[in-house]
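Shared between the two complexes below is subunit A, which has subunit B as its partner in the first and subunit C in the second.
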Partner chain A sequence: MNSVGKRITFYLIISTILFSVIVPMMYLTTIAFSSAVEISDYPKQLLPDLSHKLKIDWDEDSNYYVISRLNNSYEYEELYYSSRFDRHQNYLTTYLNISKTEEELEDDFIVARETGESVYLKYNKDIFNNFIKFFEVFNGASAALFNSVKAALLTILLSMTLGGSIGYALARTKIKGKDAISLGSLIVRMFPAVSISVPMAILLVKFGMFDTMIGLAIIYSIPNIGLTAWITRSIFLSINRELEEASLVFGATKIQTFRKITFPLVLPAFAASSMYAFITAWNDTAVALLLTNRNQTLALLLYKAIGGTASLHYAASGAIILILPALLFTFILKNYINKMWG
Partner chain B sequence: MSFLKLERVKKVYNKTIEAVKRFDLEIERGEFVVFLGPSGCGKSTIMRMIAGLETVTEGDILLNGKSIIHLEPKDRGISMIFQSYAVWPHMTVYGNVAYPLKLRKKTKEEVEEIVNEAAVICDIDQYLKRYPNQLSGGQRQRVAVARAIAVKPELFLMDEPLSNLDAKLRVSMRTDLKRIHQDLKSTSIFVTHDQSEALSLADRIVVMNHGYIEQIGTPNEIYHESESMFVARFIGSPPSNFLDVKVELEDNKVFLVHSTFKYEINNKFVKTLKGKYIGKTIVLAVRPENFTIGNKGIIKTKATIVEPQGSHIVINANIGDVEVKIVSPILDILPNQEIMVGFTESIGLFDKDTEKRIK
Partner chain C sequence: MDKKENNKSIFKSPYMFLVPPLLFYLFFWFFPVLISLIQAFTSIDGGFSLENFRMMFQDDLFAEAFFNTLIFASVSIVLQFILALSLALLINRKFKGSKMFLFIMLIPMAIPPSAVGILWNTGLIQTGWINSFLSITGVQNLMELMGIASGPVIWKQATGLQAVFMIILIDTWTVLPSVMIIILAGLQNFNEEYTEAAKVFGASRSQALRHIVLPIIKPTIITALLLRLISGLQVWLISVMIFGFNTVPFLLERIVFYTDQVRTGVYSYKLSVTYSIFVVVLVAVSAFAFVKLTKTKDWSGANE
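Coming up: the complex of A and B.
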């Protein structure tokens, strides 16, 4: 195959992958910023609209204002009629994500009554409406967010301390059965966490840790301890021993050497594995479903929300809330790891 | 009293592997001593024991008359240059040189002054703010040297510090190390497997093999009066040539007899040879430059391969079934040319069984 053909194939593959990743992400984002009316609109728009184009008519006979909205087929669709501005205001907030006061609406709408002609308006959407509503509609969403953060941090703490110590021991000591331990830690990683969580549920109840974040963190840590041990073991092995020996010769104690030389050098490995630990804890629903009752995590709450409610746009905005910290965490760590390892 | 004294030092790994079998050495203050030997001879182990990075299985190491084998590395007052430079990658050049000083609780001003001073000596003062990965190998090596001299050590250890550098840089760093040693007069131990490094740097060379000391001596002694065949073979490039010869007595004259030549001995060896070796086979060792080529030669042979080196040529030739290397200042010898080979007075004789020098 010639080089042009190769290049075209390469770009085709890349764009297919990008397409299959980006389109669902964009769809999710669009829904997260959509109002209730837009959810059922067709055809779907790819990017979220930031405003609504509205038409207000005055119905002389029934004595009320009629709101129509320009939909995606470019037709004005009648949505709501009422003579009272407080009802209009309520409707706009709930179904179109527009926050306007009654007075503002009255000023705009009254023109239609006075002239007897249609009034065309462009109202900006309140883009944070869905996010605020998410916490209002789903009971305990803020508690769940807090729980998720707690579970993730505990998971990181547990897997880093235990996994890091195992990694150090595997790399630097002459204990017997080292190979068996490293292999074992990988095999643990192969178990689906769900399968461990059934027997663990019983154990956690016995220890009084059922429905607590520390209990969840323990389960999440099990596969991550093995992974962390593997990652850190290879880093501890790759650090030239002479770097530590130089520190010892030049006047440092063993503890100072670990603190000033070894630890800064392995920190990127810890950062990378803490990313995995964070993502495991943050995105899990299955284990949380089995091991919690009232203290749910955000991912679990979303899982239930998407399955059990018609308010898809609130659930989608919840998903965005779930994604953002993970993205932020990953990017900060990525930059750090890049800086250290180039 | 000597400055550093190693007494019957022995090192055994895992209860079975004897890395150093017996090591006795005394080093005077200000001396530059080189441990030379092939890899695995125990030279680095000795250095690491002096530094405190390895425990001593048996024997004692005395620094200024006091045993140091139970001290932590940090309390021994030494500094070291490592083979991999061991420059800490997460610190700037300044941070690297300053780290040992900060550990010694110097004030910020003192640290700055000493770092700058060391940086000027090692010619790295313009790189102080850089990280090691922005430096070349030679510059990193200079950082390691600056760090080592900044602490003003009693003893300066260097573990094959030049082996990771390219050939040209190695030679210039070698000169720099010697200059720094002459300026600072610090007692130095240098480990290497490169005999030309050893010869050019050392006040005294310790040649090691299989965990034993083969010979201790000045570069000239090591080269011209090698105590064993191992030393004669290890030192010199190309190394000594060995010919098995039989000692024969005729008319009260001692001859070395080889299948291709008969050579009369009439110097200091006569007495010893007469006493113990008549009728026995011994080893005649000839340095490549101690062959002569010309009419006075006693062996008729043919140059097989000729390697010009600029100032001299290296000739490969067969004497009997042994291929010897001859260094000759006569530059116009061609391959397959017939040559007459002889020896100068500077030859060495070795006992074939013990491989020790016959004096």
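Coming up: the complex of A and C.
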């Protein structure tokens, strides 16, 4: 009896936690797929609708077709009327995310006129509509997406070359001051990026790198170089040196040995630290806000997009675009970390 | 060992690996830090002065920003510690479907901050999903019956501590998995035999937890919480995305405000640099104090 109660409590806790994660994510996804009309629905639905149920009536007196939509409260709500099919078509695309041609509408609507009765239709929503609209509604969204990728790639390049060489030096050479280097990287990491960004602005203006992605990548690399050094160091330490020595004995040059033996072995570590670098750059808003002017990143664009409630569904679909790569890399990294630490 | 050979080998010395990173940090980390130190401690005409700090302390929102930042950092660290530890202990029991549970639980930590802002914004507007959810589940009716609410709650009207606590909850939702996963890693490396031995000697479950498990995984917990403390003192984005500037001030929100929003030239620049220095010192002092306070003798011995 007692143990049954315990199990019930246990699964209650588990499901509460699951709900607190899933419910917000579901609503965000639903909003990202919602049409302009659904955005004003209240209460909002938890799951996205893939289609709209419409009712078409012919108004004899004024000579126009009336569109009504079945809303959340299961009532048909009048939305739009016009006698012209191009207007109907325009309304359906803009407010209900339905893409139909004028001819298709005419074929369906005309029944209402001929019979004088309501016509009930089920039109599928164009699910990618909001994602396409996101790039149209927000000025420079595609440039921002491109910038985000560029900043992330530059960050990866900088952290890999600089961090990798520190990691190699720490693992493979007998240099003094290894402790000082570790301590230094810790101190560097502790400095808030925003605090660095303020004076950095002046410096970047002097170098002609203000409002460029390389300028952002430099700031993003500051904490990541230390992290890359730490990851690559542990990998370089774990590689069997005899393999490399054997390769040298068989007449390979040092560069060949690195390319053919060492590099493939350290590749997973480099991949993991690249993903860390990518996430740092991709997720950042603060630094981009302070160090760019016209060249926005996607995260910055979304930060600024928060203003209008009317375009919230487009902002939500932008958020989905921003989340997907970050989600993917975080989960790949999680598996990698599990492997590294058993 | 003559001079010529020495010159040649300089380029082959292992220290060459460190030259590019050192130059990088010199230019892009040390110089900016130096510039901000100089800027913060000089007046506009260039002489040494503490005028900027006086100006910062007199900033209308300084006291509130400082207070909010401290409240945010301390409350969120305690809340997140308790929740993350209980969750880690829960998942460590390896029940049926625990892998799937872990997978779903980790999702929030992967969401970029500005997407988190949009997610909660779509929820906190009056016709947003939070009120929708309350209404669908009937909680709204219950709240109205009890007289707590009349009509949908206007979340964004919250001010002062209420707003700070809302931001704490949102932050906890976002970062809890990352704290939890570090503690979980600590627990999974933990040797179960210790607890079993304790149970043999008659210790209860909670006693074993308090006196054996916690002391052993303490270093892990300290690492996780130190990271939280450092970023907790740097909160601003959620506050601005939900409440806007100047409503729920934080120290970093002030920096961004004076850099991005007011462009009155040299004064706002001086102010934001001074705030930056203040935040850096605050972060360093609290991190140091945190490590000192949590560093007691009993865990080092237990760490094998």
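Going forward, the second predicted complex is superposed on the first by the 299 of 342 C-alpha atoms of A that agree within 3 Å, B and C clash if a C-alpha of one lies under 4 Å from a C-alpha of the other, contacts with A are read in each partner's own complex, and residues count from 1 in each chain.
In the analysis below, a contact is a pair of C-beta atoms (placed from the backbone, for glycine too) under 8 Å apart; a residue touches a chain by one contact, two chains touch by 3 or more.
For clarity, every value in this text was computed on a predicted model and none was experimentally measured.
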item	value
Room on subunit A for both subunit B and subunit C (clash or fit)	fit
First, second, both or neither for A:Glu242, with subunit B first and subunit C second	first
Following superposition on chain A: angle at subunit A, subunit B versus subunit C, Cα, nearest 10°	70
First (subunit B), second (subunit C), both or neither touched by A:Ala252	first
Touched partner set for A:Pro264, first subunit B, second subunit C, both or neither	first
Partner touching more residues of subunit A, whether subunit B or subunit C	C
Which superposed partner A:Asn63 touches (first subunit B, second subunit C, both, neither)	neither
Which superposed partner A:Lys334 touches (first subunit B, second subunit C, both, neither)	second
Subunit B and subunit C, minimum CA distance [Å, superposed model]	14
Subunit C-contacting residues of subunit A that also contact subunit B	342
Contacting residues of subunit C [partner subunit A, same complex]	14-15, 17-18, 20-21, 24-25, 27-29, 31-33, 35-36, 39, 87, 90, 95, 101, 103-115, 117-123, 125, 127-129, 131-133, 135-136, 152, 173, 181, 185, 189, 230, 233-234, 236-237, 241, 252, 255-256, 259-260, 269, 272-273, 276-277, 279-280, 283-284, 287
Of subunit A, residues touching subunit B in the complex	240, 242-243, 245-253, 256, 260-261, 264-265, 340, 342
Subunit A-facing residues of subunit B, complex	51-53, 72-74, 76, 78-80, 82-84, 86, 88-90, 99-100, 103-104, 133, 147, 151, 157
Subunit C-facing residues of subunit A, complex	10, 13-14, 17-18, 20-25, 27-28, 30-31, 40, 42-46, 158, 161-163, 165-166, 168-169, 172-175, 181, 184, 188, 190-192, 194-203, 218-219, 221-222, 225, 229, 282-283, 285-286, 289-290, 299-300, 302-303, 305-306, 309, 312, 315-316, 318-319, 322-323, 326-327, 329-331, 334, 337, 341-342
